[in-house]
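Letters A, B and C name the chains as they come in the text, with residue numbers starting at 1 for each one.
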Amino acid sequence: MSDLKLGDIKKKTSALFENVREQVPLIHQITNYVTVGDCANVTLAIGASPVMADDLAETEDIAAISSALVLNMGTLNERTIASMLASGKRANALGIPVIFDPVGAGASGLRNKTAKKILEQVDISILRGNLSEISFLAGQKASTRGVDVSAADAENDGTAIAQNTARQYRCVTAITGAVDIVSDGERTIAIKNGHPMLSKVTGTGCMTTALTAAFAAVSEDYLAAAVSGITAMGVAGEIAFEKAGDRGTGSFRIALMDAVSMLNSELIEARAKVEEA
Amino acid sequence: MSDLKLGDIKKKTSALFENVREQVPLIHQITNYVTVGDCANVTLAIGASPVMADDLAETEDIAAISSALVLNMGTLNERTIASMLASGKRANALGIPVIFDPVGAGASGLRNKTAKKILEQVDISILRGNLSEISFLAGQKASTRGVDVSAADAENDGTAIAQNTARQYRCVTAITGAVDIVSDGERTIAIKNGHPMLSKVTGTGCMTTALTAAFAAVSEDYLAAAVSGITAMGVAGEIAFEKAGDRGTGSFRIALMDAVSMLNSELIEARAKVEEA
Amino acid sequence: MSDLKLGDIKKKTSALFENVREQVPLIHQITNYVTVGDCANVTLAIGASPVMADDLAETEDIAAISSALVLNMGTLNERTIASMLASGKRANALGIPVIFDPVGAGASGLRNKTAKKILEQVDISILRGNLSEISFLAGQKASTRGVDVSAADAENDGTAIAQNTARQYRCVTAITGAVDIVSDGERTIAIKNGHPMLSKVTGTGCMTTALTAAFAAVSEDYLAAAVSGITAMGVAGEIAFEKAGDRGTGSFRIALMDAVSMLNSELIEARAKVEEA
């Protein structure tokens, strides 16, 4: 794919790590109560600043001081759905990137309806989910099993789905899994970092979304921002396993946060496995 | 007690650890926002898969894909009480076990009323709480002090209360404390694993409930499932203290999650202190 | 300042650590879902007992069994604002100290309005926030940037603002930052413990508030209680860095909880840097 300029993407990706730490962007997150503490901590660990505010009455004020917005529908309800839609529209009006994590899309009518409503009413900059979730949004036959990817979907072609979804919703689409795929519809990237332990602790998907938002806040190239966010989590996962080894999932989770907080552009350049998909 | 067949219970209990890891059951949890992240992580650590969904609008859909339901009233409110009742009834209709953790029963009228409503309207498979909470539900004089067990209650006779409660509500009742008691009204078991440090970190009760649900999802013998869940937490607590020692409660909490994630049937067989009560 | 009697304050401060562990006061906390688990764990770590209950329907019952109330508006919404006001009034009627953490005051109209409403309708014993938040409540020009202190505010005179706010709202005011300032309007104390890493993990402010509430529950000298809470977090932060060093923010956060759980009056006497402001 002649448009890709993989070298440029890699260079941008690694530079974004310094940009976040210099600019300390404020990231507004309407997210779920399962992983919200981890999302706040990972936002601080990468060098950005989190603000978790989900009440409709403060949507506009918080949007006005933020540099990116995360909409994560992990534990959605009527009250927070209204806030997500209003915040998303406000972020659009202010030109702030919106990163959407459709947790559990395909698992319930409420989640399906909400995901579609958000995609219809809000211009999404980056859509990040697992293969089941994105397949569902792409209109493919999907079999979401709770919030984890199903074995059946793992056989689908992530690359084609990411490309089609990116074109359909005019956004960068990131499908994370054993191999991560990121596409803006034209350029498509595969990232081969990560470790199986990342699926043994809750919130690594949500945290990847939060990291992606931090990078999107400091770059208008959302493909590079998504690649940075996903590479950060993948490389940190590898380092965490090197440190925590077989001690168990508690130690791995702490080592993961440690690793994110110690990331820098040199480490990313040395370890990133970013390829054309 | 000639019906007990303690050897059978022990054999089943240890076998359940393999069953969970093979079947990876999806555990639907309507729980509190204090310990929800720990509950999700402990569910993953034991080899099951968590889905935290508390909105009434998705109750039926989530129940349809789940293998067990947890109702934990730690931070209850009007919205989640309605969801607990609807989810419980739906789980009953689908034949999915319901595990009820009446956090703080006895501490407020709202909690008392809610616990009674759940016990009236939903068939509970396993009821797990501390002595104050279960004493209150048994109609005994109880003095719940917040969410922790009161000293006065610690002197009560847990065995009789567990047996009576089990008969009254036709469910397995588990009272956790220095010695844990599990009864189905006929068979009554005492478990003498655990460590005092377990009471120094929040959520060990909630996590025990989540573990119990994972085992109930893969066995129709709910007595064995409760024994497995409680033994898992007790043995993990002992191992955690051996690892974290006197470093403090932060390290103990991480070592506890590590230990749960490394449990297996051999470890349980070697360390479980399961006796007739 | 002849009224200060710094030696008395120091003596009281260190004695409070033993008082908490002896009395194990129950601390009612209406707080945010980002840091609530850490607040519960830190409350246990210092030797008190947490109860997180935010539904209006159980306000009065929970107040009646508690020894202090925390109002933390980190993730406020219509439902919890009503509960905060009702709980605060009830605590006042029962003579229980109320500790108010105005998270993000200055960042949105909703937060500003809520903070003012709480200060008008509830007698606050201790107000704890960062310089931006307290400056806003003092009517100073403030520029709250999300939930973290802004660089512009860092140049303001924290001492004068703490004193004025204490007089204005007739409460002990604590401003935490690189140097912490505590004032009751007459006596003003500076605390020079702490470590920059404390600002790299979420919830250290919220946890300081929870600790302060535990001490206020066992002392009627709220200045000493606030000094104890803030010194506890500062000393623990120093010890945590000595233990976790450069491993990263995940390990620091665990070491911080370890350190709080191992604090005692000797350690505080040896390390506290408490001075006249």
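Going forward, a residue touches a chain if its C-beta (ideal position, glycine included) is under 8 Å from a C-beta of that chain, and two chains touch if they have at least 3 such contacts.
Keep in mind the model is a prediction, meaning the values are calculated, not measured.
If touching chains are joined by edges, the resulting network of the protein chains shown connects every chain directly with every other. The angle of the rotation superposing chain A on chain B, based on CA atoms and rounded to the nearest 5, is 120 degrees. Interface residue usage between chain B and chain C, two copies of one sequence, is largely distinct: under half of the residue numbers at the contact are used by both copies. Chain centres here are Cα averages; for chain B and chain C they lie 34 Å apart. Counting partner chains per residue, chain A shows two or more touched chains at residues 33, 37, 253-254.
Note for the complex: chain B touches chain C at residues 32-35, 37-38, 74-78, 104, 107-111, 145-148, 200-203, 246-251, 253-254.
Taken in their complex, chain A has these residues touching chain C: 26, 33, 36-37, 40-41, 44-45, 49-55, 57-58, 61-62, 65-66, 79, 253-262.
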